[in-house]
Amino acid sequence: MSHRLAYLNGSFIPETEMKISLLDRGFVHGDAVFDVTRTFGHKPFKLHDHIQRLYRSLQYLRIDPKITAEEVEGISLEVLNRNLPLISQDEDCTITQRISRGSSLNPVLEPGPPTVAIYNQPISFYFAKYYNSGVNLQTSTVRRIPFESLDPRAKTQNRSNNALAEMEAKLRDSESVPLILDIDGNIAESAVANFFLVSNGVIKTPSVDNCLEGITRNTVIELAQKLSIPVEEKHLQLYDAYTADEAFLTTTSYSVLPVKKIDGREIGKKTPGPVVQSLTEAWSDMVGVNIVAQAEKLATPRKDTPGG
Amino acid sequence: MSHRLAYLNGSFIPETEMKISLLDRGFVHGDAVFDVTRTFGHKPFKLHDHIQRLYRSLQYLRIDPKITAEEVEGISLEVLNRNLPLISQDEDCTITQRISRGSSLNPVLEPGPPTVAIYNQPISFYFAKYYNSGVNLQTSTVRRIPFESLDPRAKTQNRSNNALAEMEAKLRDSESVPLILDIDGNIAESAVANFFLVSNGVIKTPSVDNCLEGITRNTVIELAQKLSIPVEEKHLQLYDAYTADEAFLTTTSYSVLPVKKIDGREIGKKTPGPVVQSLTEAWSDMVGVNIVAQAEKLATPRKDTPGG
Amino acid sequence: MSHRLAYLNGSFIPETEMKISLLDRGFVHGDAVFDVTRTFGHKPFKLHDHIQRLYRSLQYLRIDPKITAEEVEGISLEVLNRNLPLISQDEDCTITQRISRGSSLNPVLEPGPPTVAIYNQPISFYFAKYYNSGVNLQTSTVRRIPFESLDPRAKTQNRSNNALAEMEAKLRDSESVPLILDIDGNIAESAVANFFLVSNGVIKTPSVDNCLEGITRNTVIELAQKLSIPVEEKHLQLYDAYTADEAFLTTTSYSVLPVKKIDGREIGKKTPGPVVQSLTEAWSDMVGVNIVAQAEKLATPRKDTPGG
Amino acid sequence: MSHRLAYLNGSFIPETEMKISLLDRGFVHGDAVFDVTRTFGHKPFKLHDHIQRLYRSLQYLRIDPKITAEEVEGISLEVLNRNLPLISQDEDCTITQRISRGSSLNPVLEPGPPTVAIYNQPISFYFAKYYNSGVNLQTSTVRRIPFESLDPRAKTQNRSNNALAEMEAKLRDSESVPLILDIDGNIAESAVANFFLVSNGVIKTPSVDNCLEGITRNTVIELAQKLSIPVEEKHLQLYDAYTADEAFLTTTSYSVLPVKKIDGREIGKKTPGPVVQSLTEAWSDMVGVNIVAQAEKLATPRKDTPGG
Amino acid sequence: MSHRLAYLNGSFIPETEMKISLLDRGFVHGDAVFDVTRTFGHKPFKLHDHIQRLYRSLQYLRIDPKITAEEVEGISLEVLNRNLPLISQDEDCTITQRISRGSSLNPVLEPGPPTVAIYNQPISFYFAKYYNSGVNLQTSTVRRIPFESLDPRAKTQNRSNNALAEMEAKLRDSESVPLILDIDGNIAESAVANFFLVSNGVIKTPSVDNCLEGITRNTVIELAQKLSIPVEEKHLQLYDAYTADEAFLTTTSYSVLPVKKIDGREIGKKTPGPVVQSLTEAWSDMVGVNIVAQAEKLATPRKDTPGG
Amino acid sequence: MSHRLAYLNGSFIPETEMKISLLDRGFVHGDAVFDVTRTFGHKPFKLHDHIQRLYRSLQYLRIDPKITAEEVEGISLEVLNRNLPLISQDEDCTITQRISRGSSLNPVLEPGPPTVAIYNQPISFYFAKYYNSGVNLQTSTVRRIPFESLDPRAKTQNRSNNALAEMEAKLRDSESVPLILDIDGNIAESAVANFFLVSNGVIKTPSVDNCLEGITRNTVIELAQKLSIPVEEKHLQLYDAYTADEAFLTTTSYSVLPVKKIDGREIGKKTPGPVVQSLTEAWSDMVGVNIVAQAEKLATPRKDTPGG
């Protein structure tokens, strides 16, 4: 996949030349938003929903992108179509949009042009093995940034909080990802994934006042409803997690991933549990791709994707 | 000043070519730290203290810079010395160090090289007029990110919170800067400046559990002690600010700046008040530059400096 | 309307003679409760519900009114009936009950008689223009008094918090009213109105643990259900407000009023939006008065009503 | 004392005619501030400090009194001088100033005249017996209104919170007054008094971010320093109170009053303890009145003073 | 009932010989969990649910009981069956399981055997009179331990918090039990009972993030649903309690008990109210025992049961 | 040391027979307090201070011990004197007092006798190696129980919170002990030790509103003052800990112990650092025992002491 094109500030350029000024506010302040869609069978999954969310992030951060949502969607498809020939039949890729406030020194009184980038990346199927073994969770010492400071539903590029949580989990247990609590101690989410548990046949997941409202999360809720599994969105605590029958994560890249242990306590009697299995199958049916088989075929040595 | 040099990842390059990959974690996550020193009379002011703070920020964020503090200090001086001939006698400049975690996808298991940049910038003396008229403060709707999420003493590049506060203040009153509260409602700081008030002859400023521990802030505290003005570091509330006899901000670029109004309430009887005047004079004496005269001479139409 | 009568402590007196001792606890402590009903087409709207709420406020504050809810309702109707001849056919009025704890120095050990006042006031239709243009909201620096201190559902006369919020909003933008957050940063309400938003076809409004349980609020929820619009009562944050498709306020005087901007961000694509329009029409149908036409006909230069 | 004069809105009137409109914002919103000074030996004690605090309360609440602090002080002395002949040699009295925002419906856009009242009241020496027996404290279920909502240092007439605490204490134990905690559970103050304790020879009292900064409180701190007793101003918790060697209250009327029990736990070994005795004597010396003897001579059956 | 047997660490012994080492962690740290079931008509009620909850408590506290839930259930039935002949036909009893972590000094590195006890106790029907008169509630000064410290859903033997609340309530009013708030001031529960209220025909009870998830509580919710009474599980505040139409407690021993007063305010018009009466009858029908008649017949002078 | 005696409820018995009823409130509720003194060179260190603290814990928990502090001190010395002959010259031991509320079912209305135990234990010098290597700290997921629920200064036997923290630390890193934060995220203490750090030559330790006021802690503060090292007692955050020059723990058994890593970050440049070394030497001088040499001589394979 070495000759992919990317879109940057109005031009299509080789992805490897995607560079920005070190003085861009996206760098010096993380003052930017982004969103990531993936393809299943080379078709983008819910691209429109991702771009709508991107525009809610822009509205929240008061960034004027100088480009419409329709245009961003069109360019995203164009970039994808240009790059798809470089991606093998079995593989899939992500489509990322990033928009920073540009380099203006005073964006109210002297606003300047934003930085807009759209590009594709191959999916690293490092997570393949966890479909069967389950991933571990480690509760982070850092708490999710509270909505009073920066709403977690806005997908901003202020993510050092995530980076700290991710590194800490790996330092304790290299097979683990973080479980991040909100400022009040409720479960918020993992670093780039939403958290779900199953208790007495009911699926529960945090309400979205302390975490990202994931498109995958919302799709899983819809799938569960189709499978007649009741779903509750509410504040959850570690007691709920430790005593659950099943737990799992959802994100754009792997869709649904079972959890084996949380802070060293084994979750449920079997990994993956029956609800995770049902959802994984329902997801594969929905997208027309056996997501577990695809990941196992393309699995490479572990390497995380940033900003998934 | 068009031919300044900068240091980037081991090389000295023209400042205008200071570019980074759009996939650098400093951009996609704001996962980087920085610090800014300024010169007075072409001499860097407390460069060593700034670099010590930079290394505390790195330690907090678990970034391994692959370069020692002594090396960063040496390069900073070298960059400055190369650029000083381009700066007129009357002018001064800032020296900025920025270190991001680089582009690694998994910094614990597969760490990669960091991004290190060191450069100078001219000081925009937009603030000259406020030495006499005082600046206004507007309390922000966003709260300072709490230390449980990302400690405000670590000078990270996660600053969208600041950007929101800064824009909101300007939208309400173009002559104002933000007054940001911590998550409990105590006064934290302005967007890139510490906050002080004077009440019954006592200088008070927030303790540093909710704000940056400014080098200028600490120097002002030392100056006050030399002037025999008592100083208290403690949690302050808006009542303290509204009913103060004087209020002022401190930061690297302007050193000390008086405040005229807070949320529309006039502070004290006269701007600048006597304590601000004493501190401004003591500062000028200390650095050997009349900071007010310098700013007035070099004042340009308003343009803020980012990340000061 | 110059000869209206009022009820005060057992007597019917001219409204202009409605005076109390400066030592009344309602004055020296704001130690009193009140409620306000309005008429539509000269008929009081849900007077019974308002008086029930008044008695919940009394129970909360441990004020013994020495008069039954039935008696207060009867006197309210009598005062209204005496004053209605002074009110033109097109106009309407409010009916206010106020009950303070009286002037006792020690209400447990030496309780004294309460102060009871019931009176009518003309409606100031200052808000007429906002039915079409929408009103702006400004987030307040003061937070709603939390239920641990004084429950916001009790309609007490401790309202300096409201006064501060109202003045601050007007000082920033004279076309605005406050948006007050609770102590945790969730949206609570405006100064004398409940807050609603519309997102993806769902009406959302704060649950009543941080705001007044408005009679108008509850009626709007019932109307929405009749119109088959789903309603959620839950904690909402500024992100919800900024990214909403529509927002509106409800209160006794204007019933339903669209919001145009919140903290400078435009809400939705059109003011009023389709849900607000449906609710306004449904309200007019329900009360038999075209509330927009009435207000436009009787609009006077702006003048707010206190304690609405 | 039946012919006392009072000042109301520019006129001197008989105190018994001190009436205000029921529509005054001081009544309908408690939207007013006040302060209370007392005399010792017919001389007002720290009247100037009380009036300075009154003006800080006005500044906080954005009330423009349309009268200067100097004028209020002058009128206060004039009212006192006119009434002193009615007060016997042994007795003393209070001087109260109250200023409400008046009756304006929109104080920003259409401000109106404030309501200003200044008057004297006899001191009810109901508290005489507690100088020896000590008063009991009962921790309140209501919490002090937090500074984010309405700063407790502003002496406003929003005091239903106090009224609830006061009644609750009396209902549990008629010999008790409340001990009110702040929103975080720290000790704030009693209903109209500051709280102090003595532990290992050190006097401790809450810092003033959660309580009124009492003039009596500050004077006691000065007296303690003169007596070489160390004083700490800091957050205190119930553990500190329950395990203290002594505890006492301070307020304008009784100056210093020992505490016997807190939530049923006996405090210390003897009431009053040695520190309270020293302070009481030092106070009497300072004001030239034996405050215990005066109270015992003039004690009347219990009757609290409101708004002390 | 003097010859009851009990199970302790593998042996059946006389209950009176149920002793443990003073160095057991259950004593020195309260480091143990327990659960209590009762019989109705000599049949254990929902024993299985209680033991499932016991194992969730063990999982939360990381105690390895070295015995399966099935074994604990079997032994519980065996102990009961051995003791039932000692209990008269009309009476019933409780079945308690207690499991401590044993006496290990380092349970991770050198784990030791747990302490396991299972025993029966007669029910003290001290509560009989309250079925008709209602019990009083007193809000506690201590707050429920928050889930961030020790989740209240885990039924641990760390219960000094409960003891303080219980004693405080009795000291204020010997006919009362505590009403304990959570750390945010919401109603959590009583000392060993869940709290319910009825408002406008709707039953409301705290959601279980701040209180024990009582088996009786859950059963009452099921009964209410069978009786077509709507139930809401949500955060409740004292305003809800004070203004309710009815209030009641639920626990294992008395099942359902009406509340008469809360903090001195009378609740509703009649005790017990109609909803409590319906639930009490439904409960009696469900278990085949008239619980009120049984209690009245067996009532003894007041004596609380600990750890019910 | 097999024939030690212990005191239990009035009798001297062999320590191995120190048993209590399983129904003792100390077991079923953890409803008890304790304190632990150690000897240096066979002399008890600050026994009086420990017993004073024990009585503050009793006062807080409303436990009436039916025995005076003087009697407890006398018995403690008697137990020690009887057991000292069994302890070798080089060794030392602890003296523990435990007092539970006994077995009363209703301690207000029907109080019963408390349980009082006093005994000695050998010191396990498992910690010897850490004097040189430093111990690691791991931030706990559980937070210290807040003072609103149960004040951490009262040394109660409700310690499951500690047990969870201790186990979690060991599961992550067997060479570590916990670092427990308070409910607001400030550093509180370790599981049975106070936390200190050194920064720029200043010793800092948490103020005692969120942790035990350790006798060792207070003694270290006194020693530091004698060594002219400034000490600050204040809220500290993880940023302070991560960026400190030195960190150490204090407790009764090991006195002072250096910290090597906190959450994987190395603290300072050398373990032990110069301040720890000075304090360790000063401690040894004060007690007349070289505490490091003693521990190294008597070190046994690791085994923690509970409830130290």
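Chains here go by letter, A, B, C, D, E and F, matching the order in which they are written, and residues are numbered from 1 within each.
Assume a contact is a pair of C-beta atoms (placed from the backbone, for glycine too) under 8 Å apart; a residue touches a chain by one contact, two chains touch by 3 or more.
None of these values were measured; they are calculated from a predicted model.
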Q) For A-F, which listed pair, C-E, E-F or D-E, repeats its interface with over half of the contact pairs the same? A) D-E
Q: For chain B and chain C, let me know how many angstrom lie between their CA-based centres, rounded off.
A: 45
Q: Just give me the whole-number Å value for how far the CA centre of chain B lies from that of chain E.
A: 57
Q.
Using mean CA coordinates as chain centres, what's the gap between chain C and chain D in Å?
A. 33
Q. Which chain C residues reach two or more other chains?
A. 62, 143, 146, 148, 171, 185, 238, 264
Q: State which pairs of chains touch, listing all of them.
A: A-B, A-C, A-E, A-F, B-C, B-D, B-F, C-D, C-E, D-E, D-F, E-F
Q. Once bound in the complex, which stretches of chain D touch chain C?
A. 8, 18-32, 34, 61-62, 98, 100-101, 105-110, 117, 119, 124, 142-146, 148-150, 156-164, 166-167, 170-171, 174, 183, 302-307
Q. In the complex formed with chain E, which residues of chain C make contact?
A. 56, 59-60, 62, 146-148, 151, 153-154, 207, 209
(Q) Give the list of chain C residues in touch with chain B in this complex. (A) 139, 141, 143, 168, 171-172, 185, 238, 263-264
Q. For chain E, which residues are in contact with chain C within the complex?
A. 184-185, 234-235, 237-239, 242-243, 264-265
